[in-house]
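Quick one: this structure, given as structure tokens, is what I'll be asking you about.
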């Protein structure tokens, strides 16, 4: 019984982290699906989202606002606004001018952008980590013979529910809205879509904005969950989310969700049964193995080499 | 059209405000256990507003500004001038290179100890950048975990000296070979991946190696690192005040001069210089050999290269291994210079700096890479205020280079080939 | 010397090539023609090892080579050009030809680093062979030009020269006349015939320029929608009703 509870605890922790990874992974996968580049700076967009959310929360509290849901919603909106603007600006400045050039050029540009943003926040906000107040406390506890307790915190529930809402809205948006349909068309064939009168630049911008907004949501959630943030906070999370995207099949949105969950669980199982220090090794190892043996991921489409 | 332009300009200006005000203008500060929000200095706000105005003006009058810029005689003297005649440029480049080497030889005897130390570091970066240049610049393989091979070289020396008391001169080839071997082992499975995936996988490998170094405490000392790494000796002569190892003599006693701590620093510098020159020469030679041409061919058009009988794996692997080999070389020198190493010296940022050097210098170009290594290492030391902004500027420079001049400041020069008419 | 038996290639649900057979004898020019999208290039991609065929056999000098990796195919002596010219654009014209001789030069690295006499001798031989073929296709004066800066017709010729320095037995040309003007096409015509007559190379040709095909081919294979439609001498093909129908129907 105790073992089972321990296992369930790891599972819950893993799914929590994993659903947040999935939110970040959407940004990677959509951008890759449309313009075929790895947006290396996406992790930084997420980090900026977390910072903005914390700034908003602190500011609102200082202004005397006390009703928690309002604080959270306003902070979330602020984070989404700033991150989306950043995502849009990054695409305009660093990616659009190099679009269509040799594959490595946009990637190097993205790495440069990632370093730039990391240091932008570092210089403005300092390099040490700042505490993120735990606004949502408490949870359900389960115990067997009072020995080991398994807990499902309200924070974890918040993460699940928010992720679920975001994913549902995104799916509806992609399948129903005009822009969503255009997104799918552009990801099928960019050249053809533009011949058919779709403003591809607009769609690409939209992709960056959507991805960044979801990353900001993840930033707020994970910031609260971990309890502290720092300027390097986005780098590893970005890599994890990228791994999730690849695991699920890059370019595929359901794949990103699936990949995020699998990765989250794999990580928390490693922490729970081996050692927390090696959880990064496991996720990088997983990434390498997938790329080697099934580069299309679980739900991705195979790519035929064009000659 | 004009109204559209203005709307767009206004939008861009607003975005500028949105992305800068919260992050730059409102600072989070810890006060006891609470966090409070403080406003930034007034000058920051003024700067933000000015930036927004600048963006607005630029976007609103973009066409006319770009037109004007186009008409101006190009600001960059290198950019649009008739390319210098090949042979002339080759001559000029070899003169500059010779000049640098001669200068580098005499430099340590006239400047301070700190400067020599810094110069040694520059040379280590030169070696690293030349090695990475083979992988990224010539073979077109983006390796984001290059620092891992540097770590292998450094740790090989550190561990061997700790457990077997090996000397620098023995460790140098062993470290380099082991790094090359690691490169080959890691490279073999991953080199068939497409370019951008390869970049991420190498990044993952780099992180894995760092995490292992950090956690395998019994062997590597974990975050505490390994100390007491010996300095190089000159034909069995040590540079310390007292001889540490039996059978060795000390440099100052042999030559009957007064002991000076500077001897050691200068000696290490000269070793680094010789090794850097050797690295440059060997790689230069590779570039003119079939294998060097194969690297470039694979970078230019993999499918065509394969259709002509080039094995993708073998060619890529050779570039990867050779790059790793020289990183191991540099790592051994680094360990010896520092006397102490820890995983902190081998983080991703280090890979990014080396990559920035290669990108700025002009991928493929040796002279460019050497000049960039000097600039990137020395600039932050010259201007202290600059060092804080160092990585910010590197990041921005990488983006700008890709947008504006992806071939680098000093693009690679083709080697002139003389062909004789055949019957 | 080359025999393709019942070749088929499937991409997902699409059968791009279905039951194509052809054979090439020594010193023979064999053409593959057919409407766009008929699967001609796919046949080439299978023959040159880029694709592993889903079915059928490819025999080169009596040995089965289907599924052999691309780089090994060319070492056997089967080399190809590409529909859209594929040069190493940033490298010089001469370097393009030296790269192609990689396998002839592939001595060990140490010999190259030390510059042993043997290495130098081989290098010189490669240079001479490059010079010979550049002269042959009229590009010797441009040897140190960046390949990407050549005119289109010159790039086409350079691509053929690059194949020839590997001393192939069989040359596969994928639409070599595409984008050439009539004068250049005529030159190409002579060049291909000379490759066969003077250098004993067999040629497989994919081409849309019918006058070129009819002029130089010894035999022609017609494929349509991935399936073989007809084969025979130019004369027979010219009078084949199915072929006429397929072509007119397409138009």
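Chains here go by letter, A, B and C, matching the order in which they are written, and residues are numbered from 1 within each.
One rule holds in what follows: a residue touches a chain if its C-beta (ideal position, glycine included) is under 8 Å from a C-beta of that chain, and two chains touch if they have at least 3 such contacts.
The structure displayed is predicted, hence computed values, not measured ones.
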* **Any chain that touches subunit C and subunit A** => B
* Hey, which chain ends up farthest from subunit B, C-alpha centres compared? -> C
* Structure fact -> Using only protein Cα atoms, the chain sitting most centrally is B
* **Whole-Å gap separating subunit A and subunit C, where each centre is the average of the chain's CA atoms** => 48
* Can you check how far apart subunit B and subunit C are, centre to centre, with Cα atoms defining each centre and the answer in Å? => 42
* Asked: Any idea how many Å lie between the Cα centroids of subunit A and subunit B?
  -> 30
* Residues within subunit C bordering two or more other chains -> 50, 82
* What residues in subunit B touch two or more of the other chains? -> 303
* Can you list the residues of subunit A that touch 2 or more other chains? -> 305, 307
* What residues on subunit C touch subunit B, complex-wise? -> 48, 50, 69-72, 74-75, 79-80, 82, 86-92, 94-95, 98-103, 105-106, 109, 112-113, 127-132, 134-135, 140, 143-144, 146, 162-163, 166
* Structure fact -> The residues of subunit B that touch subunit A in their complex are 15-16, 18-19, 22-24, 26-28, 30, 33, 35-37, 40, 136, 140, 142, 144, 189-190, 193-197, 199-201, 203-205, 207-208, 211-212, 214-215, 303, 348-349, 352, 355-356, 359, 388-389, 391-392, 394-399, 401-403, 406
* Structure fact -> subunit B residues touching subunit C in their complex are 86, 282, 285-286, 289-291, 293-294, 296-297, 300-301, 303-312, 318, 414-417, 419-422
* Asked: For the complex, which residues does subunit A have touching subunit B?
  -> 37-38, 48, 51-52, 54-56, 58-59, 62, 78, 81-82, 85-86, 88-89, 93-94, 97-98, 101-109, 111-121, 123-126, 130-131, 133, 235, 239, 242, 246, 275, 277-278, 280-281, 284-285, 287-288, 291-292, 295, 305, 307
